[in-house]
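Labels run A, B, C and D following the written order; every chain starts at residue 1.
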Amino acid sequence: MNWEAEEIMTVAAARALAGRVACFVGIGLPSTAANLARRLHAPELVLIYESGAIGAKPSKLPLSIGDGELAETADAVVSVPEIFNYWLQPGRIDVGFLSAAQVDRFGNLNTTVIGDDYRRPSVRLPGAGGAPEIAASCREVILIVRQSRRSFVERLDFVTSVGHGSGPGDRARLGLRGKGPVMVITDLGVLEPDPQTCELTLTSVHPGVDPETARRQTGWPLAIAAQVAVTPQPTAQELELLRDLVKRSEV
Amino acid sequence: MAELVGLAEGIAALVHDGDTVSLEGFTHLIPVAAGHEIIRQRRRDLTLARMTPDIVYDQMIGAGCARRLIFAWGGNPGVGSLHRLRDAVENDWPAPLEIEEHSHAGMANRYTAGASGLPFAVLRGYTGTDLVRHTSSLATVTCPFTGEVLTAVPALNPDVAVIHAQRADRKGNVQLWGLAGVQKEAVLAAKRCLVTVEEIVEELDARPNAVVLPSWVITAVAVVPGGAKPSYAQGYYDRDNLYYRRWDAISRDRDTFTGWLADELGS
Amino acid sequence: MAELVGLAEGIAALVHDGDTVSLEGFTHLIPVAAGHEIIRQRRRDLTLARMTPDIVYDQMIGAGCARRLIFAWGGNPGVGSLHRLRDAVENDWPAPLEIEEHSHAGMANRYTAGASGLPFAVLRGYTGTDLVRHTSSLATVTCPFTGEVLTAVPALNPDVAVIHAQRADRKGNVQLWGLAGVQKEAVLAAKRCLVTVEEIVEELDARPNAVVLPSWVITAVAVVPGGAKPSYAQGYYDRDNLYYRRWDAISRDRDTFTGWLADELGS
Amino acid sequence: MNWEAEEIMTVAAARALAGRVACFVGIGLPSTAANLARRLHAPELVLIYESGAIGAKPSKLPLSIGDGELAETADAVVSVPEIFNYWLQPGRIDVGFLSAAQVDRFGNLNTTVIGDDYRRPSVRLPGAGGAPEIAASCREVILIVRQSRRSFVERLDFVTSVGHGSGPGDRARLGLRGKGPVMVITDLGVLEPDPQTCELTLTSVHPGVDPETARRQTGWPLAIAAQVAVTPQPTAQELELLRDLVKRSEV
């Protein structure tokens, strides 16, 4: 079957959830990937939405983080202060899924402003939401960001959420208790932090993508692993379930 | 004890120019009708607080009600930007908008401290982010037992909280269920509060995941069926997702927006 | 994910000599059967934590399980003293009992901090009382915004929390309703936890005021019908008020108590 | 109708609740008085129990603070942390009702130990429970204590809950935001803090009680008001409702 770049990105993200118990889900691609994973290999995956739904099992993709079906299908519904204080903050949640307008080579994220002047930005983005604490407290973080020179930047205009800070040891120094980003899934491939330097390194490309293309779409000199793997093709089952999910969710 | 009022009467009595106002609702039960009434009554210089300002705050900002915004995430959920919010921040239209920016965890804890009668709350948050450099209402506090340094946020105690709930009884006890967001905390933190409800019932029979706010902590209740549209009221109506998409087109352009404002709210 | 175990097996696996153990339950849903099993298995040197130690802690203290008690109110509710607790504090029988004493507000906040992954909690409490002179786990903290001085209590993170709930499903999701006390906080604060339940059901249908603890935060579930008696399990059985009165007579005298211990628990 | 000393004490306490909205109720005589008030002149009185029941309407007296009927009849049921943090601490509650083993002339309370040595007391009492924060945070506090030289003492063996501390201004200095004890109801009469000195002063006696008897039953030289009122006789209705309540509540 043929597929779009966004589809393989979502499928790769869903696959990355194998073996996880609980996942803190942001809206958009992370939610699509997490719900796809539940339909594929991870039927018991616990989806946690910051609106207070723990163990939500939506039949279609919620358009917002607080759609009614999340509460109706959840194992437990709690208040927003409780979801952050009792569930996210202590580090109970295996994996947090985040996206961003900008990401840098250490997996730090910007969702706040584009432009040099915070008070008078050229683009005002939505802001932090739950991201800073998801990035800080989940045991691991997976990022999903479309790869381009505009989004993969040398220097963030604003650090909204901390990945690996300025490099090795920085998370520990800041008192951030989760591991930080372990994987960045893009429409071109997958980047992982180098175990020594924490710098994001291209470790696989999606079928048909040249590592040099990924480098050209990155705003810093992208490190490329000695062995670059190729993402296995999306299976027919993966694509069918994904398309069904997206179709059922159209407004 | 809560007084039963009309919506216009309730807004006139409770919301004054210059107030800090929280219209809370985390996607669910957003008090949209109350926000529109604030626009109709041409309130000015408000400090609008909310975890997730969405289209009703976009409308209030575009209508010129707000001087300041305290928030964590300002977007059109599932759709994209809030264009009126952006126009205010990027271009001072229709007026400059000061912003005080937090994370969800920080805002939730600010309300929690406010509801608890404490001047501040402690959390693990913000560390290493640029919010620390730009948001003055952040500090650190040292654990007196372990020496660990944590983040402190000040209590948020709005002058007025406005929420929408499914129903109330004749005494003014309010019940809401489904995703309950931070509404209990906002009401308990505020100096006064207005609750719009879908209906008044004789008896608040038990509902799963229900939050009951007793009459004696509520200032006024107004019956406003459909008062949360285009958001949803679980058990009453669904989210009008199409409207959120339509808002993107209406709000993108100043003239379309001012036309909408005149047509819909006579403002 | 929670494992389904027998009570004896669960206690043997989860509760070790020297542990800090919280059997929580605020009058309702007290995990009495689990406490009795701890006595039967002759655990020693436990630090027993609980807001309201009542007769099951009196029994555990009299049986010699405890080295230390962390608590806020130790009485036989509605009846009077806990005679075994008093005998331990006043006369070191059967063994000396260290005490660490708080208020309800302080204990509730200690569990809340524990559940929240924070090292301490802030409250308005204790000021001017002699608890400040005798309880070492108290300190002050200054609000970085207002300069106000408040009380700090350290997080309480038991090695094991034991609670009783009405029911669980086959996956080990636990549901309890009615007065829910501090059980959620105790479970989320603890390193591991055991939940005894009245029954396993196919489906946890919604209940008013229900708390659901998902399977993945629970270590083990044991089915123990009547496991909260003589306290009560709402929807299953009432509080046996007479037993609380009878306990006064049984516990008043060491010989009567040791007779009870031998007869009832073979200990 | 004839009545017992404990009955007039309870009736006087119930009367003192006139005009109050919300009352934080301890078990025992406070609970009896508050429930009597609901049946008499204050049907809308909101009873709050520390077990988490807000607006409980029990049909009989609960034996414990957490009896099932409290939750079943309550307007709202919340967790124990919430009742203390959201409801008691901010000072929303008009009146707190407390009792104690010892009270001193400034209305400070001891429910912890009798004896000089905290670590080896002659009598170990139940302890603080909710009392320190009820005494600190309710807008006003009413005490119900049987009057004797053992309970009304010159010096507390342990200060569990603060009344007026060591005198005027002390509550403000300690940061306690409620007014503190406004009334001590005993089996002999009623004491109120002197507006200047905060010292408990006998302001009324129950019918048939001589102020000198109250002074003899007090462990310090008891101040007696220039005009000592006499508690109005319990009415037949008050006594009947009280006796009915007590009878229905027998185990």
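Everything that follows uses one rule, which is that a contact is a pair of C-beta atoms (placed from the backbone, for glycine too) under 8 Å apart; a residue touches a chain by one contact, two chains touch by 3 or more.
None of the values given here were measured: they were computed from a predicted structure.
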{"item": "Comparison of C-D and A-C (more C-beta pairs in contact)", "value": "C-D"}
{"item": "Centre distance in Å when chain A and chain C are each reduced to the mean of their C-alpha atoms", "value": "40"}
{"item": "Distance between chain centroids, defined by C-alpha means - chain A, chain B (Å)", "value": "28"}
{"item": "Chain centre separation (chain A, chain D; CA means) in Å", "value": "57"}
{"item": "Touching two or more other chains - residues of chain D", "value": "85, 89, 137"}
{"item": "Of all residues in chain C, the ones touching two or more other chains", "value": "117-118, 123-124, 148, 184-185, 209"}
{"item": "Contact pairs between chains, per stated definition", "value": "A-B, A-C, B-C, B-D, C-D"}
{"item": "Footprint of chain A on chain C - complex, ascending", "value": "1, 115-118, 173, 184-185, 188, 211-214, 216-217"}
{"item": "Of all residues in chain B, those that touch chain A in their complex", "value": "26-28, 51-52, 71-75, 77-79, 81-82, 85-86, 89-90, 101-105, 108-109, 111-112, 123-131, 134, 148-149, 178-182, 184-185, 209, 232, 234, 238-239, 241-242, 244-245"}
{"item": "Of chain D, residues touching chain B in the complex", "value": "21-22, 46, 54-55, 75-76, 85-86, 89-92, 137"}
{"item": "Footprint of chain B on chain A - complex, ascending", "value": "27-28, 50-53, 62-68, 70-72, 77, 79-81, 84-85, 88-89, 112, 118, 120-133, 136-137, 158-162, 165, 170, 174-177, 251"}
{"item": "Complex contacts: residues of chain C adjacent to chain B", "value": "117-124, 137, 139-141, 143-146, 148, 150, 152, 154, 206-210"}
